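We just call them A, B and C in the order they show up, numbering each chain from 1.
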Amino acid sequence: MKYAIELVGITKRFARTVANDNVTLSVSAGSIHALVGENGAGKTTLMETLYGIYQPDSGKIRIHDTEVAIKSPQDSIRQGIGMVHQHFMLVPTLSVLENIILGAEDTRNAFLDLAKTSERITALADKFSLSVPLNEKVQDLGVGIQQRVEILKALYRKADILILDEPTAVLTPQESTRLFGILSELKQQGKTIVLITHKLNEVMEISDRVSVMRKGKIVGEMDTPTTSPQEIAELMVGRPVLLRVEKSKANTGKPVLSISNLSYVDRRGVEILKNVNFSVASGEILGIAGVEGNGQTQLVECITGLVKPTSGTISLNGVNLVGFPVKRVFDSGLAHVPEDRLKRGLVVDFTVKENLILGLHTRQEFNSRLSMRRSAIEQNARMLIKKYDVRPDDPDAIARGLSGGNQQKVIIARELSRNAQLIVASQPTRGVDIGGTEFIHRSIISERDKGKAVLLISADLTEVLSLSDRIAVIYDGMIVKIFPDNKVEESELGLFMTGTKGNGREASLA
Amino acid sequence: MRPEFENCRNTSSKEKLSWRGAPPFIRYYLVLLVALLPVSLGLQSCGKQQPSAPPNSEVGLVFDVGGRGDKSFNDAAYLGLQMAKDSLGIKYQYIEPGGGSDRESALRQLANKKSIGLIFGVGFIFTDDITNVAKDFPDKKFACIDYTYDSTKAVPSNLIPIEFREEEGSFLVGAIAGLMTKTGKVGFIGGMESPLIRKFQVGYQAGVKYVNPKAKVLVAYAGVTGEAFKNPAKGKELALSQYSQGADIIYHASGVTGLGVFEAAREMNKYAIGVDMDQWNEAPGHVLTSMVKKGNMAVYDIIKEWKQGKFKGGKPEIFGLRDDGVDFVYDKNNMPLIPKPVYDRVEQLKNEIIAGKIKVPAS
Amino acid sequence: MAEKRHWLEHSITQNFFVPVLAVVLSFAVGAIFIAIVGQNPIEVYYVLFSQTLGNEYGIGQLLFKTTPLIFAGLSVAICFKAGLFNIGAEGQLQIGAFATALVGMYTFGVPAFIEIPLLVLAGIVGGGIWGFIPGYLKAKTGAHEVINTIMLNFVALALVSYFATNIYNVPATVHTPSIAPTGRIPRFDVFFSGFEGSPVNFSILIAIVAAIFVWYYIDRTRPGYELRVVGLNAKAAEFGGINVARNLILSMTIGGALAGLVGTNYVMGYKYYFEEGFSTGTGFMGIAVALLGNNNPFGVILAALLFGMLEYGGLVINTMVPKELVSILQAIVIIFVISSNKIFRKTLVNYMKTRTLSVNQ
């Protein structure tokens, strides 16, 4: 078989961390090759080495059977390699056309022949069914389209090897399906594709072959049809894992949180939340599905008292929280895992133990008359670190140095240690690897089983479907549908999430 | 995912100063640093045998904060040092203090040097500091220009307060202004509002009125703080305002602030009168005259007395018209500007003051 | 990422070694300037060190210069911990010192054990008010503290100058009458004759106590914890139920109060009156002190000692070089230290890493 990419014995160290340890990987020309592994396994580093962002400490790279030296992304582009990064490298204020030709302008002429270039790009886009509006500004486009722009940008630079780093992380199910369509099309036309991901269903759906990385090494490589998600997951984590969240039937009690007629108009006068009604009972998990930016953030901020709703009531165990200062909201029996852990959840320059008391720091157990009780803080940290398996198990470690999953565990540990009646969890496993996700999911379910009410907000449909006892769909600031159980198809949810189905008025009565 | 950055970042946060766990390398450097200092100093002191001047042979001087380059009495004092160097062969050292609390340190700094026998402080603000230091160094001599003399308080016998009769000199330039004004309006711009500057103002006003009772004197001050002596922009603004109100001659007693007055005179094509030193060069053709306060003469005279062993401290030495401590400028530069009869009249007034026939008010 | 940290990433390196290296390098650069004005750098540095560190009088002068810098540095540092940039220490210390002098001149006959705390309190209140104002404006209106503190410096300077030279002054001077004798803080030379003539006094103990207080407050108390959260991540603070506005006001007020204590050194320990123009930029130097001290209270003391030495050393070498050169030297130190934080750290760490790697292979 003919290989498009051969990486031989690649080693890359950062300080004392070995990101890639003697990695050898071969990708067949014209195939879709999935590269999977947990966060920090070294997938991105390996591909960024191939793309010329890093120089390997040792090892060889062969492209189409020729050994090449890749010192910079320019070199790799010359070799026909294109990379679509997790965070798009587009200039938001420029048009799609400008973004595509940026840095690859036809320099033979002093003037840009935009009309001609535009024709060429349109032809290219048609060939791979990548429709993009060439003259609109990137900032006005949705993420799905932006991603297509990135792909087109790579193709315009004559890429025949395409690396995509976690391409579906920001997409809705419909957009993901569309992306996979495009990738198949590209494969048909002879392009080689490397897909970095940790979503196993994607691997199964689209890839021809899969390589699994763990701790900088390739720990397994197989043809996709011959393997199973279970096998891949075990290779990734290094131990057996439960992919399917196991939970018993909900033992639902009285409503804990009741939201009625909640509306919120922001400072610019935009109506963000429109007459939202729902309730969460003790012992159940209510999942809220929705494409990001449909009011989830503001809904949570209203509940937690960070912003004041324009109208409506939010009652927790019968007490209306509206107008309470944040501290009183929390004291009323609420715990909150914020959606952006770096922005709200953590003080990244603090130690783990200091972070573990944020918001609980006024509690008597942590304070003596003049100063804070350092031994109590330390003990609290040791206890939570152990219980939630935070690594490193060092209360004095700086939060910034922790991996995303461990940072998230710190937050979960702190919030669950509040022992609150209502847990609001926003994107609890975003950016968290399989092992961490499994752990966090189990923690949330065990809280439910203790009779807590859980409000789960997640853009990850798999998560919503597997955790929730009931599912509400939010679209354009409205709850457009509440499903009484979690037995619903992803595609069905997708239709509600994109506003294709459902109607606010009808749903709010549900 | 990029550990090298993460690690760099996660370090800065804990800022406890703990010596525990300091790696050997650090300790090595610390020891090295501490050790190097005296070694280098020791070597230096061995290698460098400065030819030491004989004790009490040199003069020291401390300028006012921001004083040097004021083209006024700080510079005048410096001129006095140079005169002494040229004609008496005296060596001198000086210090420009950086802040108010440095004045005393600077005086002590100089008094501590064996070679220095006489130390000047320039400016009334030295009054308390130099009194204290003089008490602590009875073997050294001190003199202070513009010392605020208080007859109820004793002055150490090794300290000479130097005073000037600024009102006398101001009276004479006031007379010139009074005689030469065409509009019947003249101006006065002071620096910091204070008793010292008021002497200039009062003498000037008396001089104007003495020769021209109907003339009007516009009075303005640049401020109430020491900054008022260092603000040319303000000086210009005040001068422009007085000129536009009809004044055609302005006398300033405002240090560096006066530079703005000269600029205004040049722009408006009017006259200004300088202060402390001959300020003709600030705006040639527009400086009618200057009331010179001969700080240089005072410094020079006292150095001379000291050298001859005639230093007499304990009470003020007052430099007035009689002692050639103050005067007005009349030389080849401004001769064409001042008519002969005016000059004669002013010379006559000067003689009358020296003779005691005219008593010039000081406040 | 849980491995043992490289020693160069330890706090001791970051907070001590790097600044020391910066200071040494800046002296080397300063030598070039000294040579340019035609003096022998070694001779000048010799005089600078021997006259400041070589005898008790010199040390006394150095400490006298250090005391106000500690107060100003702490003032800036504590605000910095709350994420605020206090440019207003100069104005705060003027108001505080003036308040001390003012209370002192009207409280004759009060025993020392009441008078001294009273005058210290006056400084705290005076400076505190001047810190509270920009803090309040920041918290309630969002008005930027940098602009407001700068403006309040002008107001403070003009106010105290006016009162010190017009209303409360001794005629023909620019200072107020003396404070009550019981309000005087004794000088070192009362007890140790070696300090004879130097105005260094026991207010430096107040400065050290203040540093300990700031350290304890920030590091050990609940309000200090909240203040740090606010400074590092205001959004997280809000989330943690911390009243961000109150902490902003509080930190500026404490910062102002610390600056206001400068009067203990000058008014209570040296002149016994307030003199117009007694401080020329101590408050601004406090910013450099805080930066050099890495906003750590004990670092502030060390940095203040260095700048105290530079300030007095500047006076000492002034008979040899123009005073502008001293300003240049100070500026070079500041520039080096501030830039070093990033540059040295990176180069050093990178260098040592490559070395460690090659050793390993």
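As a convention for this text, a residue touches a chain if its C-beta (ideal position, glycine included) is under 8 Å from a C-beta of that chain, and two chains touch if they have at least 3 such contacts.
Remember, it's a predicted structure, so these values are computed and weren't measured experimentally.
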The chain whose C-alpha centroid lies farthest from that of subunit C is chain A
Centre-most chain by CA centroid is C
When centres are defined as mean Cα positions, the distance from subunit B to subunit C in whole Å is 31
Chain centres from averaged Cα atoms put subunit A and subunit C apart, in whole Å, by 47
Between subunit A and subunit B, the Cα-mean centres are separated in Å by 72
Residues in subunit A with touches to at least two other chains are numbered 15, 17, 349-350, 401
Expected list for subunit C, residues touching two or more other chains, is 1, 6, 353
Residue ranges of subunit B touching at least 2 other chains are 3-4, 6-7, 11-12, 14
Residue positions on subunit B within touch of subunit C in the complex are 3-4, 6-8, 11-12, 14-19, 21-23, 25-26, 29-30, 33, 37, 40-41, 44-45, 48, 65, 93-102, 104-106, 108-110, 112, 124-125, 127-128, 133, 136, 148, 192-196, 224-227
The answer for subunit C against subunit B in the complex is residues 1, 5-7, 9-17, 20, 24, 42-43, 46, 49-50, 54, 57, 61, 64-65, 157-158, 161-162, 165-166, 171-174, 196-197, 199, 219, 266, 270-271, 275-282, 294-296, 298-299, 311-312, 314-316, 318-319, 322-323, 326-327, 345-346, 349, 353
Listed in rising order, subunit C residues that touch subunit A in their complex are 1-3, 6, 216, 220-222, 225-226, 228-229, 232-233, 235-236, 238-243, 353, 356-357
Within the complex, subunit C is touched by subunit A residues 13, 15-17, 304, 306, 325-327, 330-331, 336, 338, 343-350, 354, 357-359, 361-362, 366-367, 370-372, 374, 391-392, 394, 397, 401-403
